[in-house]
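By letter and in written order, the chains are A, B, C and D; residue numbering begins at 1 in each of them.
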Amino acid sequence: MSSGKRIGILTSGGDCAGLNAVIRAVVHRAVTTYSWQVLGIEEGTHGLLDRPVRHRVLLPAHVDGNILRQGGTVLGTTNKGDPFAYPMPDGTKKDRSQEIISGCKELGLDALIGIGGDGSLAILRRLAQEGGLNLVGIPKTIDNDLGLTEVSVGYDTAVAVATEALDRLQPTAASHARVMVLEVMGRDAGHIALAAGIAGGADVILLPEIPWTVDGVANRIRQIRAQGRNFALVVVSEAATLPGGGKARQEFTDGQKRYGGIGSYIGHLIAEATGAETRVTVLGHVQRGGSPNPRDRLIASAFGVHAVDLIAHGKYDRMVAWSNRKVIDVPIADAIKAYAAVEVDGTLVRTARGLGIYVGEPIA
Amino acid sequence: MSSGKRIGILTSGGDCAGLNAVIRAVVHRAVTTYSWQVLGIEEGTHGLLDRPVRHRVLLPAHVDGNILRQGGTVLGTTNKGDPFAYPMPDGTKKDRSQEIISGCKELGLDALIGIGGDGSLAILRRLAQEGGLNLVGIPKTIDNDLGLTEVSVGYDTAVAVATEALDRLQPTAASHARVMVLEVMGRDAGHIALAAGIAGGADVILLPEIPWTVDGVANRIRQIRAQGRNFALVVVSEAATLPGGGKARQEFTDGQKRYGGIGSYIGHLIAEATGAETRVTVLGHVQRGGSPNPRDRLIASAFGVHAVDLIAHGKYDRMVAWSNRKVIDVPIADAIKAYAAVEVDGTLVRTARGLGIYVGEPIA
Amino acid sequence: MSSGKRIGILTSGGDCAGLNAVIRAVVHRAVTTYSWQVLGIEEGTHGLLDRPVRHRVLLPAHVDGNILRQGGTVLGTTNKGDPFAYPMPDGTKKDRSQEIISGCKELGLDALIGIGGDGSLAILRRLAQEGGLNLVGIPKTIDNDLGLTEVSVGYDTAVAVATEALDRLQPTAASHARVMVLEVMGRDAGHIALAAGIAGGADVILLPEIPWTVDGVANRIRQIRAQGRNFALVVVSEAATLPGGGKARQEFTDGQKRYGGIGSYIGHLIAEATGAETRVTVLGHVQRGGSPNPRDRLIASAFGVHAVDLIAHGKYDRMVAWSNRKVIDVPIADAIKAYAAVEVDGTLVRTARGLGIYVGEPIA
Amino acid sequence: MSSGKRIGILTSGGDCAGLNAVIRAVVHRAVTTYSWQVLGIEEGTHGLLDRPVRHRVLLPAHVDGNILRQGGTVLGTTNKGDPFAYPMPDGTKKDRSQEIISGCKELGLDALIGIGGDGSLAILRRLAQEGGLNLVGIPKTIDNDLGLTEVSVGYDTAVAVATEALDRLQPTAASHARVMVLEVMGRDAGHIALAAGIAGGADVILLPEIPWTVDGVANRIRQIRAQGRNFALVVVSEAATLPGGGKARQEFTDGQKRYGGIGSYIGHLIAEATGAETRVTVLGHVQRGGSPNPRDRLIASAFGVHAVDLIAHGKYDRMVAWSNRKVIDVPIADAIKAYAAVEVDGTLVRTARGLGIYVGEPIA
């Protein structure tokens, strides 16, 4: 039913651990099971703007060996901009979507597998609809903010890296009687902060989804001291609300002093309110990189195989997803719409509160 | 609604990573939120056989600090036998269930939290029913064979350890052009073998659930050689079927030669069938131990908090469970009945086959 | 020869991995072998300023179990200042050395084991000389800048953490075609930067000991591009010289723009000179913390045992040291004098250059 | 002085972590600094027996990227036998040394870099002398039994893997009140067992170099129990002496029962003498594999660069070595002669005893 197909695969948006495991699975399934041809498109949709289109044929021999264990994406990726409003050197924006669509046609693709987060999948879907492309999506994002799937590729490894940082900050915090603030990624969702904070033994977790107060943090730290412990661990999401509820990612100033980011700003506020010696660590890009952990490799492999199977069955415009130990598939459109922020009264927030962690003010 | 309760907690059966994270969460929730008293019972039901009952009061100060990160169980555990047919020094079996029940009464417990696998939970439930105890169960088993929960405490870490072993065996296999056989735990379920095999890049995975043949393995290895690769990784579940479909865990003999276990026996069969230089590693108890990984810490924490909440709401005879990013609870009886073997045509077997892994003969 | 002694132990200065392994070894050797009493003094010399002196008796049972594997110091440490010029609340400095000496006398110590870097050991030696205390020193510093010992406690683990960060930055650098800058600790010595840079596959390593130029860095990056690689890893020591040779750790400004530190300033210079997309990670306190690696545990254990043996033999004013697979001891005074910066034409600089790494301008 | 050379490189004997880092360093130094040609010979001396000789040109592009981080050897290696007494299919032995020498001549090598342990280096040296080859040796062996160098490539990583196994066995031993026996590699030298045992918190370490008694082990375990601890960790070297002082690696039988190896035999003896529940883990080939740790990468890099420099200076018949933070070189002949067993009264044995570890009977 599916002989002789030629499919393309690209990775789009920020990289993460597990992308190569997806690529490997797609190539094995498509070439070995179905005898199709797989073209790897380089640097996301960007490779489709060049002529000739930047791509390479992917064979099982290319994805054998250590690629499963390697972080990042061998195809490259880029964030250079929305093809519908592409930033040009002269500062203007230009709709370059037709160039991308014609790039796909030039390659003679029967179907395209796009690995991306909600933003990338939305753009790829629009391109697919305008260009009549057969698209299957695979969710990846360390932020884990995609709905309709329990987990996206890259999230579990990012949580592991952030948790390990807390494991390393705990003894130095204790030795010096300090408050250690760790700023983690996650964009507008607090999933990494919440999961790593619980797993890493944090005392305070500040999220984009839940308002908090400096008093709340200071109370928790005073409580800890009253129980005879002289240090504390604080996890701050990169888009945590500001005290009072404002929005982060702007300039952080306090009178004349400027702070490098939300982490150092909050560190300053805590130091002021509690008198504690405070140090701030911004974990940054190490959260993206590194070898995918077993769960990311497993889910990535299942996603890759299932995406190829969807093409074999002619099921397009769908995103693979993970649900209750199984791979399933859902309409891409629904997945994009179902943005998954941290549930403010969900299991993990309740768990955090049950452990005595301050995660912002309870909902009245 | 829940003031002044006294609850007990015990860990039963084989130890695993994450038990201490459960204990920590139970203590925090019960003491800090509800102001209850928590008694830690030592060495599973065994501690309840002694008089005075072996136990200690658990306070938040006891579970603060590094316990979250430590493997095993600070309460101790034991496999010394079914209290309904307890092995006595003289070789006879004796029903000691009433002693355990009276031990619980002696402690004046309002409720008991039992952390165990299917065997332990079945025994605890029977004890609870006979003795009128209020029981809440928390699932733990590296084998992940408990139904009605996506995952049990300890499984994710065990898979990580087994995967890491494959990551280490791969380069030495490649350097010496060898077939490396790794025997992993899992009792009658192949979950660890299957997940670690996929995540660790295995070429062959032999499970208890799927019959396989030496020819099938040898064919896969010949295929690999034909593609120009000179080594292979084989994962064998400790209870993998024997070639032809027989049951493992018996004496492994081949004519006059005896083999130490299923792994070395299968290694011998492969060496004979393919002429390959073969080495066998039996991973053993390192799979149980070590620091729980972040997911195990997270799930353990959620389970501990929710178990206490169930008691607060007077919901007994229930097991906490994980489902689709949430903690839920189910009847213990149903969970025990719903044994979760590897689904022979489920997502992971299909994924393995899609990657070209030999996982036994396809179901006709 | 050594019956009935009472010895004190304290950790001073910045914490690091392996301090607890030293404490454990001291307690085992002193109590088990010699039947002495060991008093753990809390928070470095700071504990000796309080009355009663803050201390606790350390028994083998206190250091059994997991302390060997835990980062930081169970005794606490502090950087609150030189006791000969102690910063008082009113802003003045005061000589409080006699208080510390009388604190030691109050405890009735026969000898004191001080674990510290060059600064701490110099202060402790001066106190010992003024107060007639019997001092043995144990070198610890992640900076590895103490002379007369191959290695100090904490260094190997810090290098491992920094190397791991490079292992994680490499795939994300490659996926996005970026220059990744990693700022590491080390104070005025470049040992961490140099060792981690070589071990982690860096392309550029900037040290305090060797002048460098933006042109030199940019040339190396252009060379890499010419060879077809589109990313680069740059390691910057926290006290790296500025381009041209100036001293770091001051305000980093470029016209009107201010930079948070040497790493982000150098990242900016590289971006400007090469047009490369550049990201900066400041590793910070995770380099201090975490479980000591095996070599740190081993050296720490050997140091602890040998320090006690020195006291048993009445050899004071000496520092234990590591040399050619052996523990030795040297005069503290000599060790402090022999500051060990990176040798500008030593093995590791030559190795780095041999690998094509830019480590600043060659010495003419 | 060194233009236009062509050099060969081969890895010989058992593989280990860090070999690829050596190869990478050799290629960078030889090609980039000196513009030489590097030929990688495949499967040790074995590749030189085939015609045409199995080899490939190695360029910097081949060793860029992740090879630094990968275990094993990309050139392959083999243990198939001494070329001076090569095992033939018909069971006889044959001197094939001239074939290997003529293989080297065929390649037109100016010099050969051989990476091996004492056995491999002895054979390569004999070949070099008979064939007039210019040889430089690089020491690698997880056993660390080569003299005149502080450390050989692969040792540090093997110790780390064995230590990690102890870290994982400790909590499960404690939870179940068991004696855990870990059998580690090391051939006739106890370095891995001793270092990992100290670093991993063992209570008993049994070595090839020091006689021990079952009574000695049992006494230590009884002592531990008397102090209130109910578990113990025992590390056994694969060539540990038998109780009484006999030699291991033979058949282990006790009356009618046969044991799979020294570890399980000793486990049985301990169980019998103490009544303890005992479990045995044989770590096996995972000790060889896996990503080299930072120190192995560093030393391997320094060795590779220095080996090429020796050739550039026409210094042959020398082995690179590590001494006091520096790379040096020594005559291969001396290095082979200076076998480095564990010193029975050296630093580490003394350290182990100082920690209360039973390491066999003290020398009278």
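By our rule, a residue touches a chain if its C-beta (ideal position, glycine included) is under 8 Å from a C-beta of that chain, and two chains touch if they have at least 3 such contacts.
Computed from a predicted structure; not experimentally measured.
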Of the pairs A-B, A-D or A-C, which one shares over half of its contact pairs with C-D?
A-B
Work out the mean Cα position per chain and let me know which chain is farthest from chain A.
D
Between the Cα centroids of chain B and chain C the separation in whole angstrom comes to 41
Once you find the CA centre of chain B and the CA centre of chain D, what distance in Å lies between them?
34
Taking the mean of the C-alpha atoms as each chain's centre, how many Å separate chain A from chain B?
30
In chain A, the residues touching two or more other chains are 66, 70, 167, 170, 174
Okay, in this complex, where on chain A does chain C touch?
11, 14-15, 17, 19, 43, 70-73, 76-79, 161, 164-165, 167-177, 180, 230, 258, 260, 279-282, 284-286, 288-291
Write out the stretch or stretches of chain C touching chain D in their complex.
24-25, 28-29, 32-33, 60-61, 64, 66, 68-69, 150-151, 156, 159-160, 163, 167, 170, 174, 195-196, 198-201, 227-229, 293-295, 297-298, 301-302, 304-306, 308-309, 323-327, 346-348, 350-351, 354-356
Taking the touch rule as given, give the residues of chain A at its contact with chain D in the complex, in rising order.
66, 70
